[in-house]
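Letters A, B, C, D and E mark the chains in the order given here, with residues in each chain numbered from 1 onward.
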Amino acid sequence: MDYIKPNEVIQSVAKAGEKKSSLSVVHILLKGILSGAFLGYATTLAYQASTQTGMDIVGAIIFPTGFVMILLLNLELVTGSFAMLPIAKFRGLVTTPKILRNFTWAFTGNLIGSIFYAILFTIAITKFGHLSESLVIDKIIAVAESKTVDYKAIGAGGYVVVFVKALLCNWMVTMGAIMAFTSHSTIGKIAAMWIPVFIFFGQGFEHAVVNMFVIPAAMMLGADITVGDWWLWNQIPVTIGNFIAGFVFTAICFHIITKEKSPSIELVTKDKAS
Amino acid sequence: MDYIKPNEVIQSVAKAGEKKSSLSVVHILLKGILSGAFLGYATTLAYQASTQTGMDIVGAIIFPTGFVMILLLNLELVTGSFAMLPIAKFRGLVTTPKILRNFTWAFTGNLIGSIFYAILFTIAITKFGHLSESLVIDKIIAVAESKTVDYKAIGAGGYVVVFVKALLCNWMVTMGAIMAFTSHSTIGKIAAMWIPVFIFFGQGFEHAVVNMFVIPAAMMLGADITVGDWWLWNQIPVTIGNFIAGFVFTAICFHIITKEKSPSIELVTKDKAS
Amino acid sequence: MDYIKPNEVIQSVAKAGEKKSSLSVVHILLKGILSGAFLGYATTLAYQASTQTGMDIVGAIIFPTGFVMILLLNLELVTGSFAMLPIAKFRGLVTTPKILRNFTWAFTGNLIGSIFYAILFTIAITKFGHLSESLVIDKIIAVAESKTVDYKAIGAGGYVVVFVKALLCNWMVTMGAIMAFTSHSTIGKIAAMWIPVFIFFGQGFEHAVVNMFVIPAAMMLGADITVGDWWLWNQIPVTIGNFIAGFVFTAICFHIITKEKSPSIELVTKDKAS
Amino acid sequence: MDYIKPNEVIQSVAKAGEKKSSLSVVHILLKGILSGAFLGYATTLAYQASTQTGMDIVGAIIFPTGFVMILLLNLELVTGSFAMLPIAKFRGLVTTPKILRNFTWAFTGNLIGSIFYAILFTIAITKFGHLSESLVIDKIIAVAESKTVDYKAIGAGGYVVVFVKALLCNWMVTMGAIMAFTSHSTIGKIAAMWIPVFIFFGQGFEHAVVNMFVIPAAMMLGADITVGDWWLWNQIPVTIGNFIAGFVFTAICFHIITKEKSPSIELVTKDKAS
Amino acid sequence: MDYIKPNEVIQSVAKAGEKKSSLSVVHILLKGILSGAFLGYATTLAYQASTQTGMDIVGAIIFPTGFVMILLLNLELVTGSFAMLPIAKFRGLVTTPKILRNFTWAFTGNLIGSIFYAILFTIAITKFGHLSESLVIDKIIAVAESKTVDYKAIGAGGYVVVFVKALLCNWMVTMGAIMAFTSHSTIGKIAAMWIPVFIFFGQGFEHAVVNMFVIPAAMMLGADITVGDWWLWNQIPVTIGNFIAGFVFTAICFHIITKEKSPSIELVTKDKAS
């Protein structure tokens, strides 16, 4: 049977989380860099599609390409790990320090990869500075400004909005990480994980790793955004919101709803967890 | 063989219904909340697509994303259960009280999840109240009004229409729940269950759980709908219509057409059922 | 191996035909009703797509949804049986009276299901008579008139056209029934059977069961068509044309081209058939 | 493993070619007739799509439907055989007279089937002569004239063009026949063979069997083309070009690049071939 | 299990690289010629789609067709080998001279195949010189000029841009070669490899083999490009950039992140490599 039932899915997620926690720093970092770059690629492709068709939904249906590459090749995406490692923890397979170590280096790797791609992409799209406007350049700047200075303009309410959008985003991203485990086949994994990622990107929710590319790229392209705007009004609240969604909505919920019928797991969690 | 023949499909549906009936209340509630939220996500994505393209059919082809997540992860959607648990009953696997217990908590969970998503989504789409109009806001309001006050305006005939649309909807939703069992593979399940859900959403029929999101969301967004309008002119008649369609058109029909060739099942139904 | 070679395909079709012939009348009727209704659903969805996009080809690519549901769930569609049961006959597995019995009740079931859906759909689309015009209402009326009174207007030549269009239609529909047997997997079956059904609907050929919905629905919606127009200028010649295409182009041809290399089958046909 | 490696693919192609060569004349003819008709169906569907959307590329993506039916059902398409039988010959599995016998009857069958479909289609599309213009009628006439009298207008250069377009076409068609063998599954075969057929049709290259439908259909529909134009300026040079592409670019090349690593095959070819 | 985990994927890539290194020159050359021609076909099809729809993204989604044919049939594409053979080297399976031999002949084959297709295509598209303008002709010329004389116009900065675009391209092309190994099934391979190739082509990055077709074709079609422009401002820097991306971003990175958990491989690399 190619299809995998939810209880087994979550147990596989837990084991995958365990493996992630035991990777060397070099591996986490390198895998994180690749993930950051691949999401950057997918984002710029999506913007090509959006600007050419005039419809963001077309970009959104294309965006999961990058996510698929990351998950099929088992790379490190910190937002996905926000649910996978806690699930491993609830099943007694990892310790909190190991989780924090993974989060730290995966986040760092994602950031490096995103900025690396942003530099290369900016050189390409601006013809090394000889071009300052194009549909995609304008799109990147507009998106990045809407993700930073627009929240700032609203003030405290802006924090609520960015935080809620971060929750709404990573509930789906972590569901994508879980959906990928519902199949033994590559085509099944691709189709299953495509869905939630399409859902979040199509509604413009806030994803920490996508923003690691979009905002610095926009800054290089001349957007009116400071480093402070980026981190205070986006990167920090989005990362927190992404974590909470992954931890609460996905990790806790799916741990609970799938733990019942496997007594051996419960024994383990009694002994090791909490 | 990946493809599963109808007799085996319905027997699997019956067993799945049996399992649903024996879940703890916490599990039903939590699974119901997730389902409600996921359908909300799919609905707002569909409206993004509809409003951007100006074609509801594009939204409809996207909408089944939420349904696929629910079924692949074996969550609780009361409208699907309207056929699955009766089939389990006809095969002597569950009792009526257990069915009603499932319906009650699944309905409650779906309602909580839908409203929870409606709150988060409303914060995001209105920028915490700083924005009162957009294509998607207008769409949600227009749809919700057409699903409530428009029926009320017609009077008694409005009840006939909303009830018939609820029948037409859940015949297909429950067919989606059944089609998901026609394959052992994830891609096969996705493709098979996509079809009937696409069919109902593409024609604007009335689905109790979708409405648990659309109508309260529209109310939060300023639609001219009262709680009474919601429940009297939509939620209650739609839930009844959805149940009857699931019970009569799907559960009874498919129980009958697939029971003949498995004598062991018939023995069971003679002993336990009716 | 998931793919199934033609000789085995036709032998499976023959066995499926045999099973169809031995179903009880209640089963044939109930399965026929479901098929009629499901094709109705698919037809109205296709018209939604056609009218919203202004392109009939978009409706055509969606239409096979209903056919897929029918075949995956092994329901009774008389037009598909027009080839399947004759193949079973050529292989010595059924008798002519049993074929006629299946045809009669499947046709009746298809008709009841189609009209049942037409009634429900008409209530929904007209808001129980409060609405008399919409893109889809106009489409249904226009299509139904082109399928009846337009032929009548041409006279004898109209009979030739409707008959030829019925041949062209059911050659493909029966090929869809056969293509569904080329795979052991659900996704393979869906893809394979989608093709010929898309081909016929995309060219507006005449399908007896689709017309059982479209014409009465149009009549309820106010089209200028009499019951005589429906049966004399469409239902009867289309059913005959559908049968001849299924019998000659598909059943006879595929029986011949696949019988050679299986001596055991030839023995059977020598003994029982002809 | 569902995927099949190239060496095994070509060996399977060779064996399929062997079987083709040993079919009875009735089988080749009947299978050829079905193929001709099915390609005709696909062509007219493609033209529906092209004319409705105003984009030939949409028609092209739909056209492989006919080819898929032919290959999944193992029918006879002379242009595909132009590579498959030579490969069987290089592997010592068939003799040249048997190849010529297959080519002759497959060509004849394809021609009969194409013209048979052209007659039925012409009756349908013209409403038995009551309609002389429509988007599809105009398209068929325009395409057919561009495939005949337009080459004639250029003179000798026209021969070069039609021949080169025939080469470019059948390189891809024969690749489609080979790609179909790269998978054990129906969905894999469909996807793999779709690609090269889409490529050739999307660029308007010259395919002998498609032209057996398009040109006579156009003549029936009133195109200014004589039988001489059809055969001298299209059918004959296209068939020759199709054969050379299949023989040289596909059969010889793929025989060479896949023969090395299977010594048993080489022994056979030493003994029997050359 | 159809899906293949990354460690096994890279080991399979290494073995495939080993086989590539041991092919005869005739095989490499012939396989390279086929690859060059197939990419040419895919490029011109993509341009048909782009010009008809006015959207390059539509062409991009079609372009991977050629790449899929190449990889499913295990042909030689030098840009893909830029990562595959170094991985084989890191795992101690090939020697540097063998790698250079493969690169040389694959490059030569790709060049011959591309130019061969360019000649045939130019004859077809210009009607042997009777037509000098069309949407596709203009597109090829415009693209080729943007890939050569436009860089030259910028001067030194143009070199930076073309080099960066070559890096960005072949990171994805080599990822496509790797993604193809993530599945045992044909459909899984097709879907997985489609993604990165779509990503690069959709953004207009620089691919050495595509350019072997586009630039000479444009020259034949009358573009204002000299052989010097082609090689100095595109072919040479693009080939170098493509190699570096394949070697550094893909080969080194994926060798490192996948080597840890297979001690037997590490032993081999200790003994034979570096």
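In this section, a residue touches a chain if its C-beta (ideal position, glycine included) is under 8 Å from a C-beta of that chain, and two chains touch if they have at least 3 such contacts.
This one's a predicted model, so the numbers in the text were calculated from it and none came from an experiment.
A.B. asks: So chain D and chain E are the same sequence; what rotation in degrees superposes their CA atoms, nearest 5?
C.D. replies: That rotation is 70 degrees, given to the nearest 5.
A.B. asks: Since chain C and chain D are copies that touch, is their contact same (over half of the numbers shared) or different (under half)?
C.D. replies: Different, since under half the interface numbering is common to both chains.
A.B. asks: Mind checking the centre-to-centre distance between chain A and chain D? Centres are C-alpha means, answer in whole Å.
C.D. replies: The mean C-alpha positions of chain A and chain D differ by 47 Å.
A.B. asks: Mind checking the centre-to-centre distance between chain B and chain C? Centres are C-alpha means, answer in whole Å.
C.D. replies: Chain centroid spacing, chain B to chain C, equals 29 Å.
A.B. asks: Quick check: what residues of chain D touch more than one other chain, meaning two or more?
C.D. replies: Counting only residues that touch two or more other chains, chain D contributes 2, 183, 185, 187-189.
A.B. asks: Among line, ring, star, complete and other, which best matches the way these chains touch?
C.D. replies: It is a ring, because the chains touch in a row that closes back on itself.
A.B. asks: Hey, which residues of chain D end up touching chain C in the complex?
C.D. replies: Touching chain C: residues 2, 24, 26-27, 30-31, 33-34, 37, 41-42, 44-45, 48-49, 52-53, 58, 62, 65-66, 68-69, 72-75, 120-121, 123-124, 127-130, 183-190 of chain D.
A.B. asks: Contact residues on chain A for chain B in the complex?
C.D. replies: My answer: residues 1-6, 9, 55-57, 60, 154, 157-158, 160-161, 164-165, 167-168, 171-172, 175, 178-179, 182-183, 185, 187-189, 191-192, 195-196, 198-199, 202-203, 205, 253-254, 256-257, 260.
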